[in-house]
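After this come two complexes, each holding subunit A, first together with subunit B and then together with subunit C.
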Partner chain A sequence: MSRPRGFLVLGRAVAVPVSRVPVTVGLVLIVLVLAACVATLSLGRLGIPLADLPGALSGGASGKAAFVLERLRGPRLVVGLGAGAALGLSGALFQTVTRNPLGSPDVIGLAGGAGAGAAAVALLLPGVVPVPLGALAGALLAIALVYVSTGTGFRNPGRLIVAGIGVSAIAVAFIQYVVYAVERDKATVLTAYVNGSLSARSWEHAATIGIVLLVVAPLAAAIAGRLGLAEMGDETAAMLGAEPGRTRTAAVGLSIVLSAGAVAVAGPIAFIALTAPQIARRLTRGTGPHLTLAALAGALLLVLADLAAQQLPLPGSLPVGIYTLALGGLYLGYLLVREWKKGTL
Partner chain B sequence: MSSLGARNVTVSYGGDPVVRDVSLDIPQGELTMIIGPNGCGKSTLVKTLARIMKPDHGQVLLHERDIWSYRGRQAARHLALLPQNPVAPDGITVRGLVRRGRYPHHTLLRQWSPDDDAAIGFALERTGLGDLAEAQAGELSGGQRQRAWIAMVLAQQTDLLLLDEPTTFLDIAHQYDLLELCRELHREGKTIVAVLHDLNQAARFASHLIVMKDGRVVTEGPPPQVLTPELIAEVFGLACDIVPDPRTATPMVIPHAALSPPRA
Partner chain C sequence: MTVNVVRTAPGGAGAPRARASRLVWFLIAALAVLALSMLASITFGSLPTSVGDAVDVLRGTADANTASVVQSRYPRTALGLLAGLALAVAGTIMQGVTRNPLADPGLLGITAGASAGVVSATAFLGVSGQWNTVWWALPGALLAGVLVHVIGSAGSGAGLVRLVLAGAVVSAVLTAYVQAVTLGLPKVFDSYRYWVVGALGGRDFDVLLSVLPTAGLGLVMALLLAPSLNTLALGDESASALGARPGVTRALGLVAATLLSAAATAAVGPIAFVGLAVPHIVRAVAGADMRAQIVFSAVLGPALLLLADVVGRVVLRPQELMVGVVTAFIGAPALLVAVRRMKGGT
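Our next item is the complex of A and B:
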C-alpha cells in the first residue's frame, strides 16, 4: 500500500485529509486564542500578573488571584471560548448549506426569538422563569415557526431565509412592545439579553456550552465531507451518494443547536456566526466548510470582543454583544464597499 | 443482458407525470442516446435511472435489485451521472474536483483508498487534463471544464455512465471532441447513456437510440432502423429527408420545414 500524500493515515481503517495551509492557519489561530486568554486573565486592575499566572493556573492561586480566576474571569473566559466556537461552527454549517456568505442562524430568527423570549420572561413574568431559559425558549420557538412556515422544513435555503426574516420582524416588534408598554425602567436589564453578555458567568454556563460542543462537534465532523459535496449542486451530490437533502437538514439542525446553546449561556451575540466562517475561508482560500477553523476564529473573536468590553475605558459597562454588533456592522460595511467596487451591487 | 432498467416507471415533479409508465433496459456495453423534443421527459428519465429522482410508481432496477434498496454510495460505485449544471466549488483545483469522484469508495474515517491515485491519474490522462491537474477549476475554458467533470465521473470507476445533455454549453468543435471521448470510452467497455439534442450527432455516435415523446418511449434500436422521416414527423413535427452521412454513412436528417408551429 503506497503512502498517500496529504493524508493522515492511522492503520488500515483511518485516512483523513490534512493539508499544509489549513493546519498552519489553525496553529496560528490557536496561538492567538491563547494570547487573548492570557490577556483576559492578566490585564486591568484585577488582573493576575503574568509572572503569577502559571502558578495560579496549576492550582496555586489564593486570595484575590483565586477569586479572579475561579469566580470572576475564569468562567467568563471559558464561556466566551465555548460560545464563540459554537457560534463559529454554527455559522460555518449554515453558510455552507445556504451558499450565502450573509447566512447565519441570526438571520433566520434565532437572535430575535431569543431577545423576545428574554423580554417576555424578564418583564412579564419576573422571577418565575430564569431569563436565559426564556431566551432559549424564545429562540427555539422562533426556529419552530420558521420550520413550519417554510413548508419544506430546512431543505430549501431560500424559503428558510425569507421565513426567518419574517419571524425576526415579529420578534423585534414584540420586544419593542414589551419594552414600551410594560416597564421602561427595567428595559436596561434587558439590553444584556437582547444583545448578549458574558458578565457574571458561572461554571454551570461553561459546562453547558462545553457539553453542547462535545455532542455536536463530532456530528458536524461526520457530515463535513458530505457538506463539501453539496456545494457542487444537489444532483452532483446525490449521484455521488451524499444525500444532499438529509445532509442539509442535519447541518441546519446542528447549526441551530449550537447557536441555541450559545444563546442559553451568553444571549444572542451578534455577527460571530456570520464573520468567523468568512475569516476561516479567506485565510485558507481552499474548498470545504473549514469547520475547525471557523470554530477557532469564533472563539478568538468573542474572547477579543469581551476583552474590549472588560478593558476599554467606555462609560458604563457595555455587554459584549454591543461590541460584536459594532464589529459586524463594520464588516458588513466592508463587504458592501467591496461588492460595490466589483460592480456586483 | 442489462444491469440497468426501468419497470413501469412514472415520475412527476408533484403535478402531472413527466415520465409515464416507461419500461426499458439499457443495453450492456452500448452507447445509448436518448432523443426527443423539449419537455419529453428525457432528462427526468435519466435522473430517475441515476437514483436522483424517485419514481411515483414502478421501479428502477440496478443489477436486478430496486435501485432505492441500495445505499447512496453503494449505488454510486455502479453508476455515475454527469448532471446538466454541476457547480465547481470556489478555490478547487482540477485534481481536487476529480478526487471528489472517489467519494463513493471512501468511508467516514477512511477518506482515501489505495486505488485513488490510479483512478484519478487515469481519469485526468483519459480526458487530456494531465497538465492542468493543479489549475483552478474556475479558470478553465468551457470545453476543459466539461472534461474535468467527465474526469470526475470517470474517477468514480463505474461500469455505467449517464450524461445529461453533456454538449449543451459547448461550441461545435468541443461537442464533437466530447462525443469522440464518449465513443472511445464505449469501445473500452463502458455502458454509456447520454441525453442529446442534435439528431445528426446522435445518429453518428450512438449504437442504440431511444426516442421519447410526451413522457413515453416511442421506439428504440440502432439509429439506421429507428430514424425514418415518418418517425421524425411524428415525434418532432418536422418534415425531412433522411440521407446517408457522406462521411460515416449513418442517417442524416435534412429538414424541410416545421409541419406545425413547435410547441412551447
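Our next item is the complex of A and C:
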C-alpha cells in the first residue's frame, strides 16, 4: 500500500508527516456535514429559508425561525451530529480491536441491552424512571454480563463476541415478549424507541452527548497510535511495546462509553457504528483506524438519515433508526457488488 | 478418508467399532429423551392432565373429555418435532459448511425474509390468521435465501465472508422494511408482534402440511450430502485432491439449510438458539462425522424444542410463555457458560 505522504513543515526544524489523502477526505467530509446541517435546518414546510439562516444562527432569530432553531430542529440536529460522531468513533475503535469489519459494541449486547432496559422500564415502572435512563442501565448491565462471562474481560475478541450473542439473544427475547405482552400503543412507542429515534430532542440531550465526546475523544486520540500497532497482530504489537491486552481493554471501554452515550440520547441506532469506519477506511484506502474520519462519517450518516426521516413523504413518522438500517444495508450491498466486480474478497 | 475423519474426532481414541457401538447407545438414549419430551408435550398444558391420562389416550382407553384435551396438543407436538428437526439439522449443516461455530439460520436472511413475507401479506393483501400467513412466510424466507445466495456467491471466489455479508445486507434491508410497515400500520403491527415471538401453539396440522415438502426436500438433501460434507472438514485442498468438489458441496449444503430453516420459520415464527445450540451438543456426543451429526440433530433438536415448549407452558400457568422466548432464556446462559471453555484467539 503506497500512500502519498507529505510533510507539514513548521519552521525550519519541524516537519510533521501528514498523509494528504486523509486530510483531503476529512475536509470533504466536513463540507458535506455542514451542507447536511444547512439542509436539515432549511428544508421543508417549517424550514428556515436559506437567506435568513445566517441571521438566525447569529442570534437574530425570532418567531417561527426561533422556534424551529431552538426547539424543533436545532437540538435534534446537534444530537444527531454528536450521536453520529460518537457511534462512528465507537465503531472504529471496536473494529480495530476485534479485527472484525462487522463489529460494533452492538455485537456485544449494547443495543440489545439498551432495548431490554427500555422495555423493562416501560413495562415495570411506567412513568417512574425515564426510558433513556432505563436504556442506559440496560446497556451497561448487558456489557457487564458479557464482561463477567468471558472470564478474560475484554481481552479476547472471540469470546467477547460469542458472549455478546448470548446476552443479545436474551435481551431480544425479552423485548419481544414485552412488545407482545403490553397493549398496542405502548408496544408501538417501545418499538419505535428500540429502533433509535431523534424526534423531540432537547438541549440537555445535546449537552449529554457533547460531554461524552469531549471526555472520550482525547483519550481515544491518546491510544490511537498503539491501536494502529495492535492491528498488526499481537506478537508484533507486543514487540513494539504496544501492550495489546491493555490497549484492547482501553479501546473497547472507550467504544462502549461512546455507544452508551449515543444510546442515552437517541436510543440504539443501527449500523452507523458499523458503516462509518468502513466508509472512512475505503475513502482513504488506508489501513489505520482513522478515528477522526470515522467520527465525521458517522455524523454525516446520521444527519443525512435524520434528514430523510424528517423530509421523506412516508406515512407515519418513522424513527431514524429504520433509515440507518436501510441505508446501512444498502451501503453494505453496494460494497459487496463493487468488490464482486473487482474480483476481490 | 474415513480414517482421517475418525482421527480428527474428539475423544476418538477407541477403535472404530467401539466408537460405533457407543454411538448406537447414545442414539438410543437420545431417542428415549425425544420420546419422553413428546410425552411431556401432550401431557402438560393449561388444563392439567397426568402422564397416565396421556398414556391412556395413546392406548385409546381414556374418556372422551380427556382425549380431546390431550389430542388438542398433537398438532403442537408435531410442529415442535418438525421445527426442532429442521432448525437443528440446518444449524448443523451451516456450522459444518462455514466452519463457524456461530452460524445459524438467521445469518442467511431467512428470519428477515419470512417476517417480510408475513408483514407484506397482512399489510397489503389483508391476509390474517396463523395458517394463512404461512403461505407468505415460506416464499418470503425462500426468496430472501435465494437472494443471499445469489449476492453472496456470484462472481469469483464465492467466499463465506461474502455470504455472511450478503445475509447481513438482505436482513438489514428487509428488517428496515418490516419495521417501517409495522410502525406505519398499527393493525399489521398487532398481528406481527404475535408472530415474531415464535410459538408452537395456536397452529393446526394444515400449517405442518404446508411446510412439509420444503422441509422434507431439505432433509433429504442434507442426508445425501453428509458424506461429502465430511470431506470438507479435511480442508479444501485435501478434499479436492480426493476428488470432492468443495464449492459445490458447500453451496448445496447451504441450500439444504435454507430450505429447512425457511420451513421451520414459516411454520412457527423465528426461534432462536435451537439451530445454534443443538449442533454444539451434537458434536460433543456424535464426534466429527457429519452423518452421525445430522442424525443426532434430527433427534435432539425436536427434544430440546419440545422441552422448551413444555417449560413455557408450565412456568406462567395459566398463561403461556412462547417457545421462542424460552429457547433464548435457556440457550443463552448455556452459551455464556460455554464461552469460558473457548480456547484463546478468535
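FYI, the second predicted complex is superposed on the first by the 310 of 345 C-alpha atoms of A that agree within 3 Å, B and C clash if a C-alpha of one lies under 4 Å from a C-alpha of the other, contacts with A are read in each partner's own complex, and residues count from 1 in each chain.
The definition used in the following text is that contacts are C-beta pairs under 8 Å (C-beta built on N, C-alpha and C of every residue); 3 or more make two chains touch, one makes a residue touch a chain.
Worth saying up front: this structure is predicted, and the values here are computed from it rather than measured.
In the superposition on chain A, A:Gly47 makes contact with neither subunit B nor subunit C. By the touch criterion defined above, A:Gly113 lies against neither subunit B nor subunit C after alignment on the C-alpha atoms of chain A.
In the superposed model, A:Arg285 lies in contact with subunit B only, and not with subunit C. Contact with subunit B, but none with subunit C, is seen for A:Met239 once the two complexes are overlaid on the shared chain. Judged by the touch definition given at the top, the superposed model places A:Leu229 against subunit B, while subunit C stays out of reach.
Ranking subunit B and subunit C by residues of subunit A touched puts C first. Residues 101-102, 151-152, 154-157, 159, 161-162, 164-166, 168-173, 175-177, 179-180, 182-186, 189-190, 193-194, 196-197, 272-273, 276, 321-322, 324-325, 328-329, 331-333, 335-340, 342, 344-346 of subunit C are the ones touching subunit A in the complex.
Subunit A meets subunit B in the complex at residues 1-2, 4, 7, 9, 12-17, 222, 225, 228-229, 231-233, 235-236, 238-243, 285-288.
Here subunit B touches subunit A in the complex through residues 47, 50-52, 71-76, 79-81, 83-92, 96, 100-101, 103-104, 106, 108-114, 116-117, 156, going by the rule given at the top. The part of subunit A that touches subunit C in the complex is made up of residues 99, 102, 145, 149-151, 156-159, 161-163, 165-167, 169-170, 172-174, 176-177, 179-180, 184, 187-188, 191-192, 195, 270-271, 314-316, 318-319, 321-323, 325-326, 328-330, 332-333, 335-337, 340-341, 343, 345.
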